[in-house]
Structures are given as C-alpha cells and as structure tokens.
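Next come two complexes built around subunit A: one with subunit B, the other with subunit C.
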Partner chain A sequence: MKVTAQPSADTLTLLLDGELDASSAIVLDTELAKPDILNYRKVLIDCAKLSYISSAGLGVFISHLQRFQDANVKLVFFNMQEKVFNVFEILGLDALMTIVPSLSEAEAA
Partner chain B sequence: MRHPLLYIGFLLALLSGALAVGNLLADGGSGSASWAIWLLLLADLGTLAVLVKLFFRSPVTPRSATPAALRESEMLSLQRLAQIVQRGQTSTEVYSVLLESAVQTVRADAAWLDLDPNHTGTDDTNATQYHNITPEQVEVLRIGLRAHPSVEGEFVTNDLNRHASFLGTAQAFRSLIQLPLHGLHFNYGTLYLLKVEPGTFNREDLSILQTFTGQAVLSIENLELMRTSLANQRTQEELKIASQVQDSLIPKNLPTDNWFEISSHSLAAKEVGGDFYDFLHLPGRRLAVIIGDVSGKGVTAAFHMAQMKGIFHSLMQENPLAKNERDKFPVPSKFMAQANTALVHCLEKSSFITSSLYIIDYEQGGFVFARAGHCHTLYYHALREEVFYFDSAGLGLGIIRNESYEKHIKNQFYDYSPGDVMVIYTDGIVEARGGCGTDEYGEDRLKLRLEESYFQEAEDIKNFILADLNSFTHGFPIHDDQTLLVIKFKSAQPLPLA
Partner chain C sequence: MKSALRIACSRVHLQQVRDFVRNYLNSRQLSEVTVNQVVLAVDEVVANFIIHANGEDETQFLDLTLAFDQHDLNVEIADNGDTIFLPGPTASPDFHAYIQQGRKGGMGMTLVNRLMDRVEFFTRGNHTVCHLSKHLA
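What follows is the complex of A and B.
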C-alpha cells in the first residue's frame, strides 16, 4: 500500500495504491491524522489503484469522518473500482460519504 | 586460552542460560518452548564441562600486575555480570559490563563500543558507549578506520601511525583492536580497545577478547530468546482466551421446531475474528435470529462480540409496559438504533459492527429484518423459483454516534412460503480467497450454489456450499472467521396456538 499526497491550493489529493488492510491502515491513518489537513477545503481520495479494502481500512475513514465534518472539510472518493465500492455500499457508507465516478466530478463536488 | 577472564565469560553464559531455562520452566515450558529448554540445557552442560576442565587444568597466571589485584577486579566483574543476568535486566547493562571488563582484561587506556541500533534497542543518543575517550576523539579514529581499505571485521594493529589513513591525524593512540560482536544471525556492534603505546596488543589479548565478546553475545541472545518466548506465550494465551470466549458465545443448541430447519457453520480464523450469531425464541411462535461481525481481531473483537450478545438478550426481553402486542419486542430497526446507542460508549473510534436481525413470525408466515451494514441476505423464493439477494440499505453500528443513526436503518417485511430458503453469512465466506490468491469467492458464486441446491435439506445445502467454498480456497489460509446459516421454511404446518 502506497499513499501519495498531492497538495494544491485548497485541495489535497491522496492517491491510494494497493491493498488497504490492517497493516497498511496505519500509513493512511498517519496521513489523515495530520493537523494541517483540516486547512484544506477538500480532501480527494483517488481510489483508481485501490484493489482491496478491509474493515480495518474502512475503520480509518470512519474514525476521521466526524473530524472532517466538524472542520467543514469535504471528503470525496473517486475512481473507485466496483469491488471496493461494493464494500462501502454494503456497510452503508455510500449514504454517508461522497463517492463519485471521476476526478472532474470530484472537483465539482 | 588460559586466562582467568575466561571463567567470567563461561560463568556468564552458564548463569544466563540457567536463568533462561528457569524462566521457561516456570512458565510451563510447554509446546514450542520445550525445544528451547533442551537447547539451553545442552549449551549449559557444554559450558559447564569447559569451565570444570579449565578450573582443574590451568593455574591462574596473570601476565603482569599483581595477581591478587587482578583476581579481585575479575571477581568483581564476574559478580556484576552474574547480578545483571539474575535480575533479568537489560542487554544495555551487559554491554557496559562487557566494555569495562574488556578494558580491564587487556588493560586498555581507552575504549568504545558501537552498537547497531537495529538489533540492540539503542538509538542515536546511546548507540556508542565510551570509556576514557571523547566522542570527538572517536570520530577522528572512525574517519581513519573508514579510509583504511583492509579494516573489516577483526583488526589488530600495533602502530596506527604506520597506516596511511592515520598519518597526520592528531590522535593519541598507537595500538588498536577492533572486534565485532557476531551473533547467530547478525552483528550487534563492534568493540574498540586502544593503548597509547605501540606494540602492546598480542594474540593472547585478541583470543581472550574473542571468547569474552562471544559469551557476552550469547548472554544477549539468551535474554532476547527469553523475552520473545515470554511475549509469544502471552500472545498465545491471549488468543486462547479470545477463542474460548468466542466459542462460549456461539449457541451450542440450534432452535428446533417443525416449521423450519436451521443448519449452522462457524469456523474461527487462527487470529480469531469477530463473527457471532444467536437465536432467541419469542412468544407466539416467533424466532429472533441475529448475525454479526465485529471489526478487528483477537481479544478486543471477542469482547465486543460478548457485548453484542448481551445487548441482543437484554433488548429482546418482553416489555411489560407495552400497550399492545406489537410493541412488546423491538422491531429490528429499533433494536439496531438502541444497540448503536449502547455501543457508542464502548466501541473504539475506528471499530464498527455489522449485524442483521431477523424476527421470523410463523403464525403470520412472514419475517421482518433490518440490515446494519451486514452482508446481503441470500434468498430462494419457492413460488417464483428464483434466487436473489435482498437489496436493502442500512448503516453499520458504531459509525454514526448520535441520534441520526435511526434515519439510516430500515425494516424490510417479507412473506415467506414453504420451501423458501434463507442464507445468512459473514464476509469471511464471500471474501474468502482462492484461485490465484487475489480472487474472492464472491456473492455470484454463492448465489449459483443455492440455485443448484435449494431443494435439499438445510443441512445438505450448507454442506454443498461449504464443499464448494473449500475447493475454492484449497491451499489458502483462512484470514477471517466464516459463519454460514441456512434456514429452510417447511411445509409441515402445526395448528396455530390457541
């Protein structure tokens, strides 16, 4: 699992590459837990290369959800593979989180 | 090889070995630890034999200084080393005693010990131990040694100034011994001893130091072996407790009646996941069935499973204040909302629970269920001869931690017919890996298997699915708990209760 951060003016894009499981969840959690992440207006998660997500991986997003909402930072997922989207959907997260097909929609969201 | 310091080394090995054996024995020393005991015993017997031999054969003959004074300092070193191992203290102390004792043994003017932070638990602040030398002086020598082409591993020189890389360096020492601390698998560090005078180290010095560092490394490795053995035992013990808890939570007796058949399967992964299921007969020929999966593994997951089971049994009690029959037991969506509230206070922020609760009402020939983020229910509809997944929305427990959760959970009502089959499971089934290692069993394959087996008894349907799952995952370890329940509604209908 590789997490690459691409900051721009008011948006931070995180590229996830690989399998997000209990061991790699720590890497992502460290990234999302950074205090200055709340200075962005939007955090976009590029899931194009995210091939698998376990419950520990979902737990990372869930644990930061409230914090992002409170700070008025919009969390948007895009380019999600169908298999990964199913995991979000089964848990009911698609109703709580913004998941859009492409980057342009993520930027517009 | 006839130096009194040898005794110290051997005694050190003996003591640490004995201590390690003692600890392993005290902790039960069963299973995987027993090989270590025999190994250590064997090593200790060998050391003892050498020690006895040395003691009887060689008179103590220090090369210079007064024999009495030397013996006294060696005795002190021995005592200190023995105490360190007895008190079960850290390897850091073994290193500092090693440094001091080595200095005394060869009567060095100065010395330092470089430790590898990767294997010795040191960091930049304590990776080097100094004796009678400043870090600046050491740095000058290090630069000189690095520039010297042949300085690898053991190295003795009796005139540093003869080496080109030291020419022109203003440093005080002429004789140097460099001695790596070779362990079984890696190098723990390097010991450096220095004398001001040239030509003062000899072969005997090196051979004594080799034995001595060898024994120190052995002590370090014994301490490490002891530590990991204890840690492993603790982890094993924890896992044992977790799987005992899990086992005690799974119902031993399945509910029976003549209007349904239930067959269940549960398999715990090695690390123990958090699957659970339970049943409860409610008055009026109703049956509550709950299934769930706690995120995370081990003792924490087992603990939350127990909580969930407690919540199920306490919320599914008849409410004596209920005004009508319908309100006596919470409907599934209400149950989930109450469970969510109860869990808020004890579930860690990154943990959640998925669950589905079904209340099957035989008298009405129907059931109502709510899905809190749990896997979709697979269903065979006998009249339509069709297999499908219930497609209902519903959020997992512990994700939203306020009243608004109730908006995210819905009840689904369904009338069943005799011959219908309901397949309830956890993600350990559909996410089981097989094929080329990244393929998942998947919902589609599960659905196909039910299409091929719906006409069989519940037990046979379950076995049919499991046989297919096993052939799919053949050769791959089980990463997550697997739970599978098959409920078949039967046509044999008893008379309604009076």
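What follows is the complex of A and C.
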C-alpha cells in the first residue's frame, strides 16, 4: 500500500495505490493523523489504484471522520473501482461518506 | 478440486491469503465484484484469527481449504491455536456512534455475514474452525 500526498492551495489529494488491509492500514492512518491535514479545507482520496479495502481500511477513515468534521475539513473519495465501492455499499457507508465518480466532481463537492 | 494453504499467524500473510483465494476462483467465470466479496470474507475471518485469537503469535498457524461442490464454494479456516474463538451474534454497526467515538473496529464480522450465505464457527478438539459457503452461479 502506497500513499502519495499532493498538496495544492487549500486541498490535499491522497493517492492510494494497492491493497488496504489489516496489515497496511497503518500507512494510511499515519497520513490521516498528521496534525497539518486539518489546515486544508478539503482532503480528496484518489481511489483509482486502490484495488482492495477491508474493514481495517474502512475503520481508518471512520476513525478520522469526526476530527475532520470538527475542523471543517471535507473528505471526498473519487475514482473508486466498482469492487471497492461495493464494500462501502454493503455496509451502507456510501450514504455517510462523500463518494463521487471523478476528480472534477470531487473538486466541486 | 480442493486447494489448501497453511500460514503462520502474522498479518503480513493476509496478502498471500487473498492471492490464494483469487487464484482459486480465477478458473470460474465470476465478476470482479463477486470474487472480491469472497476474498474479503476470507480475509476478515483470517485477520480475526491472527489478531484476536492468536495475538499475532507467528508460532501458531492457520489452515485454509477451498473446495467447490458444483456451484457452491466451501471454505474452511482452521485455527491450530488453543484459544477458542467463537464470535457471537453481530448487531448492525451504529456508524454515527462509531464516527463520534473515532472507532476503528467492529465491522469485520458484519461484512462476513452479509457477504457469505453461511457462516459457522465451531470447535474441533481444542481448536476453532470456521466454515463459510456461498453459491456462485
């Protein structure tokens, strides 16, 4: 699992590459836990190369949501593969998180 | 045809488990979403055995067996550790509470129960065994 951060003005884009499971979730957790992340208005999660997510990966996002909301940082997922979106859907998390098809929609969200 | 895999109880082997399940299902004409659902269910149970039942003790091991009975996939995950691990009934996660609490866990078995047709945990001697099955037409 590789996480690449691309900061630009008030938006931080995180590119996820690989499989997010109970072994690799710590990599993402470390990135989302950085205090500086709360200085951005928006954090965009590019899921184009995210090929797998388990409950451990979902748990990392859920565990930071309140902190982001309290700091008025919007978390938006985009470019999500169907099989990964299906996992969010099965738990009903697609209704609680902002998931859009493309970068342009993520920027507009 | 049956396929078997033995892994030590370390979460670094989860990738190997997922590749094992994917390779086994590869010969069937299944959608990517369906394959991923089975892979996820097995990964969740194996992760629970590794982390919660065995405390990531690499001297312990798990045996996985995959077999098709016509269109029904049957998975056995046998924990060779001596800690009996029998998850109780799972309630639907209250995500609003999880978000407020910053909670990371508590979704794995819910996923497994929603993804598979049958989920059973039972004891065999001093060990715990999990059986999962799913109809894959």
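Keep in mind that, in the parts below, the second predicted complex is superposed on the first by the 109 of 109 C-alpha atoms of A that agree within 3 Å, B and C clash if a C-alpha of one lies under 4 Å from a C-alpha of the other, contacts with A are read in each partner's own complex, and residues count from 1 in each chain.
Following the convention adopted for this analysis, a residue touches a chain if its C-beta (ideal position, glycine included) is under 8 Å from a C-beta of that chain, and two chains touch if they have at least 3 such contacts.
As the structure is a computational prediction, the values presented were derived from the model and not from experiment.
K.L.:
On subunit A, do subunit B and subunit C fit together or clash when superposed?
P.N.:
In the arrangement built by aligning on subunit A, the partners subunit C and subunit B clash.
K.L.:
Based on the superposed arrangement, let me know which partner A:23 touches: subunit B (first), subunit C (second), both, or neither?
P.N.:
The answer is second: A:23 touches subunit C but not subunit B.
K.L.:
Based on the superposed arrangement, let me know which partner A:82 touches: subunit B (first), subunit C (second), both, or neither?
P.N.:
In the superposition, A:82 touches subunit C alone.
K.L.:
Please indicate which partner A:11 is in contact with in the superposed arrangement: first for subunit B, second for subunit C, both, or neither.
P.N.:
It touches nothing on subunit B or subunit C.
K.L.:
With the two complexes superposed on chain A, say which partner A:62 touches: subunit B (first), subunit C (second), both, or neither.
P.N.:
Both partners, subunit B and subunit C.
K.L.:
Comparing subunit C with subunit B, which touches more residues belonging to subunit A?
P.N.:
Counted on subunit A, the partner with more touching residues turns out to be C.
K.L.:
Per the contact definition in the header, classify A:92: touching subunit B only (first), subunit C only (second), both, or neither.
P.N.:
In the superposition, A:92 contacts both subunit B and subunit C.
K.L.:
In the superposed model, identify the part of subunit B that clashes with subunit C, out of 24-32, 150-158, 348-356 or 384-392.
P.N.:
The segment of subunit B occupying space taken by subunit C is 348-356.
K.L.:
Touching subunit B and also subunit C: which subunit A residues?
P.N.:
Common interface on subunit A, subunit B vs subunit C: 22, 52, 55-56, 58-60, 62-63, 65-66, 83, 90-93, 96.
K.L.:
How about subunit A: which of its residues touch subunit B in the complex?
P.N.:
22, 29, 51-52, 55-56, 58-60, 62-63, 65-66, 83, 90-93, 95-96
K.L.:
Show me the residue ranges of subunit B that touch subunit A in the complex, using the header's touch definition.
P.N.:
293, 295-297, 349-352, 354, 372-376, 393-396, 399-401, 408, 427, 438, 440
K.L.:
Which residues, counting only subunit C, touch subunit A once they are in their complex?
P.N.:
11-12, 14-15, 18, 32-33, 35-37, 39-40, 43-44, 47, 50-51, 93, 95-96, 98-100, 102-108, 110-111, 114-115
K.L.:
Within their complex, state which residues of subunit A touch subunit C.
P.N.:
19, 21-23, 52, 54-56, 58-60, 62-67, 69, 82-84, 86-87, 90-93, 96
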